[in-house]
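For reference, the structures are reproduced in the following blocks.
The same chain A turns up in both complexes below, where it pairs with chain B and then with chain C.
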Partner chain A sequence: MTQFNALMGGLFILTAFGIVGLRQILGSLRLFVAQSLLLAASAFILGATHASVHLFVVAGIVLVVKAFFIPWLLYRVLSHELHAKREIEQALDVTTSLLLAAGLTVIAYFLVNPLLIAASDPFIRINLPVGMAGVLLGAYAVAVRREALPQLLGILTMENGAFFAGISIASDLPLLTELAAAFDVLIIAVVVGLLTRRIHKQVGTTLVGVMARLKEE
Partner chain B sequence: MALFVILLIPLLVAGLSMIPTKNAKVSARATILGAATVFVLSLFLALGTAPGKQVGVPAFTSWFSTDGLSLLVLLLVSFVGFTASLFSLGYVGRTVPENHQDRIRRYYRRFNLFLLSMLAVPLLSQIAMVWIAVELTTLLSVFLVGFENTPESLEAAWKYVVLTCMGAALALMGVLILYWGLFISGGGEFTWSLLKTASPKIPPVFLTTAFILFLVGFGTKAGLVPLHTWLPDAHSQAPSPICALLSGVETTTALYVILRFLPMVSGSPESALSTWLLVFGLISVGVSAFLLIQVKDYKRLFAYSTIEHMGIILVAAGLSSGTGYAGAVYLILAHALTKSFCFFSAGATLLVTKTREISSVRGLIRLSPVTGSSLMIGGLAIAGAPPFAVFLGEFSIIRAGLAQGQYGVIGALAFFIGIAFCGIMYQVNRMVFGKVSNPGEQLPLPMSCAATLIVAAVPVLLLGLFVPDSLYDLLRLAALSLGR
Partner chain C sequence: MGEKIFFNLIQLLVVMVFSPLIKGIIDRLKEMVQSKRGPSILQPYRDIWKLFHKDEVVSEQSSWIFRFTPYVCFTAPMFVSLLIPVLTDYPLFFAFMADMLGGGFVLALAGFFATLAAVDTGNPYGPMGASRTRMVGFLAEPVFMIVFFTVSFVAGSTIPYIVQKVWITPLANFFEPSHVLVMLAFLMLILAENGRIPVDNPSGHFELAMIDESKGLECSGRAAALMKWGGCMKFFVLLCIFLNVLVTPWGLASSGSVWEVLLAVPLILFKMILFIVVLVMIESSLAKLRLYRITEFMGAAFITCVAALLLQLLEIQG
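This part shows the complex of A and B:
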């Protein structure tokens, strides 16, 4: 079981790398779906090992909200974006940004290393560093991507990363909190999606990285 | 029960604003009435508090409870919420065309939901729920920031939501690690009060990691440098009553969460963590002071001053002494009241002159005596001139620092405060006095806006000279709840 979970963790990081570097918007969204499925799978494995109904419920929430509802919503709201036949604008070229992303993954392991001493559970040793790497890679994607939807996917990757760590280290948070957190992620997707559409309508572009009207002279 | 009622009222009014009536004045009046009721309830709660007395909801104490600090924040949010609702009546009535009643209703619905999320932050005691409430304050105010629907306001809204959501995800990591630490040390309810008692048993490395994630994550929301870039944009592009809420109390609620952490870490590895606070605070004060000098837009001027004040409060908290905490708490009070007043005056200036540029506004006091004099009072008060409350707060922080021998920190702090003072006063002076350059046709200030200026001016003018006993007790309790 531990090994299977490690596989999920490895694939999870891989999807986060894809969110940083993939050039097609629709492909990025599909990667996000895959990432959410991996998160649900990991929650399921942990739930099976610890015999925790709670984690099964979390896996279910993730499946419904993140792997199905959010992508469907973005697909509905931003279909013109998703089918645009162009490459995503980046602040850095893909090779450099993937190299930096690899560096960030290493940093994530170093950041959580002092905490792992206290970890008795083998799952934490995988989920916490992978989750932290997901958070950092998501933040990096927001910084390096210049378009609206890829930036949103960066934020959602950060949340997924935090959840990936959370299912191992905070597995018995009250269920109400988990529900509220899932609801919160949903609102992020709705709000940012609608805002993107409005920007597209008013400004005529979703290249949010080049919007720079507001600054000091 | 009062806590539930406080949260229920904005929710009801938000629901009411969705009913399609012919005239949106109904939702405006309901909002004012609701916010006033919330303020009165909060006032009774806050001034009736006593040491060790916890106001909670029976059977829900592990979810909702309050102490000195949270009651202070609640009081400030509800007061600014009330004045902002009053200002909205005139401001929105003037800026949104008559035939767009549905837009006005949408504004009030969002206004109430935003107010609800901010009221929830101090009332909730489960840390995970507090995180969600802070995140909701962002998400429910995004479309208020972008309300004017111009390219500029949409850009501001975008930067606002992206950066603060990034911060929130980091903070979530901090919340989870904190929960893990609590679980290792024996577990229990994940509330502020339990963490305070359990913190000596939690391994220090957990507290340190969680604290730094909190500081960076919620610090983004409070506008700490270097993650402040969204703040001047959002706080200048939103409609003025929303600016008053954003700048006056939304930043305070984010800072409140960081300050809540202090009692847990003021144990063993104290020195290192308070250095973090001092460094972050000083950088914020310094950078914002120098950015203040070169602004061209008077709403951005006040926005940078918010970053400056957040930095000063952080420095005061970093002194980690009783007197430092007292200064921090007093400055929180002074900042929220004064900054909201400043944004009301800025909004009135915008209504009178229809421009945001400092260089196009001259001789405001001749154009509109009420607006001109309130901008002058606001400028003096926020820059920290005696005898206003901000001055007293800054002075007590500087004195606390000197008493502890932190000469380097306090020297730098005083220098930056001096620069910011000159920056604000130079610009405000040029706007208020001088020769009127373009005496075009002037619209008089709406009645409700003038009324708001008068209501909001009362605490600004009085607080530096006189603090009522019950408010003094509340401040003392709030400062106590910062220490261990």
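This part shows the complex of A and C:
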């Protein structure tokens, strides 16, 4: 079981790398779906091992909200954006940012290392560093990408990373917290999605990276 | 002892005989996906046969390198096929001659000579393609190295026979994240090294866009046949390493009986055909990358296997 969980963790990091480095917007969205599926799978595995109903609920919520509803919503709201402009501009070129992302993974591990010494559960040893790496990589994607939607995907990756770490530490989170977290993410996605659409209508582009200054009219 | 040499020679023979068949199947399947009938799967054999019976034209300007290269390109994959597990899961007579790194170097030698020969003739398309191949090659090199480092780090050895056992004993090792990521990285490497679609279009006939094919443009007659056959064998050998060492280390002969070794031949062909179906799906659903995007493709492969190495190093495993 730990083997499968480790595999989920490895692939999770890979999808996070993809969200940092992939050029196609549509591809990034698909990767996000894959990432959410991996998160749900990990929660499922942990739930099965700890016999915890809460983790099954988390897996279900993630599956419905993140792997299905948010991508569908973004796809609906921003379908023009997805198909008209297929390539994402980056502040750094792809190879450099991927190398930095690999460095961030190492940093993530050393950040959580003191905690790992205290942890005896093998699942924590896997999920905590991977989740931390997810958080850092998501933040990095927000910083390095210049389009609105990939930045949103960066935020969602951070959230996924936090969940990935969280499910291993707190195996019986109150249901209310889970629901609140899921709902929060949904609201973020809706707001950013609508805002992006609005920006696109007004300015004609979603390259938020170049909108550094305010303009008076 | 004598038995092991015999099996090793059978292995070599299998690589030589069946490699054009694999190429023929790929070509046929690709055409079928595009709703065409496509050439017979035996077409590569006919091509090679035909080329062997044609006159050879060699430019007066070229040096001995140009005449020597086809033989290097033909023998290098043969050498490598002696080192790797094609039919048996225990080391054969020549297996300890070199490890996987050594095999990589032998293949790189063939690539080096092919590049020199392409520059040698003075045909403008040759050097262009050769320099592009070098570009892809030096981008692929670090990936190759990291894949080997990861593999040898996990298995404690770079001899493919030992590595192959480590992945499946116990079976849970197969799902080790570093193993899966190394598999992915190696897949991307195979696509790049053999000029398959996201990097290069193997069936393209437009010289300006060629990467891998244009090296052999000047070759004719026997030289062309040897280059073609050598290319098929290189692909076959890389597939063997990929399938028998990394992906499906099952179905190999484990005892010294001749029948079991012979039974391993259809099994390896079956595995290859399964993989080819996947390959054709990849090739048919992707577009060729622009030349300067190849760096990003190889960067992705590099980061995938660096991630594998990191996961192994940081003990994120089951």
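Quick note on the criterion: the second predicted complex is superposed on the first by the 211 of 217 C-alpha atoms of A that agree within 3 Å, B and C clash if a C-alpha of one lies under 4 Å from a C-alpha of the other, contacts with A are read in each partner's own complex, and residues count from 1 in each chain.
Just so we're on the same page, a contact is a pair of C-beta atoms (placed from the backbone, for glycine too) under 8 Å apart; a residue touches a chain by one contact, two chains touch by 3 or more.
Remember, predicted model here, so these are calculated numbers, not experimental data.
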For A:A181, is the partner it touches chain B (first), chain C (second), both, or none of the two (neither)? first
Superposed model, chain A: greater residue contact from chain B or chain C: B
Have a look at where A:Q35 lands relative to chain B and chain C in the superposition and call it first, second, both or neither. neither
Check the residue A:R198 against both partner chains and state whether it touches chain B (first), chain C (second), both, or neither. first
Answer with first, second, both or neither: which of chain B and chain C does A:L7 touch in the superposed model? second
Looking at the overlay, does A:M158 come into contact with chain B only (first), chain C only (second), both, or neither? first
On chain A, positions contacted by chain B and by chain C: none
Which chain A residues qualify as touching chain C in the complex? 1-7, 9-11, 13-14, 17, 21, 23, 94-95, 98-99, 101-102, 105-106, 109, 122, 125-126, 129-130
Listed in rising order, chain A residues that touch chain B in their complex are 111-112, 114-115, 117-118, 131-132, 135, 138-139, 142, 148, 151, 155, 158-159, 161-162, 165-166, 169-170, 172-174, 177, 180-181, 184, 187-188, 191-192, 194-195, 198-199, 202-203, 208, 211-214, 216-217
Could you list, by residue number, the parts of chain B that touch chain A in their complex? 126, 128-129, 132, 135-136, 139, 142-143, 146, 149-152, 154-159, 161-162, 165-166, 169-170, 172-173, 176-177, 179-180, 183-184, 190, 203, 205-206, 209, 232-233, 236-237, 291, 294-296, 300
Contacting residues of chain C [partner chain A, same complex]: 172-173, 175-178, 180-181, 184, 295-296, 299-300, 302-304, 306-308, 310-311, 314-318
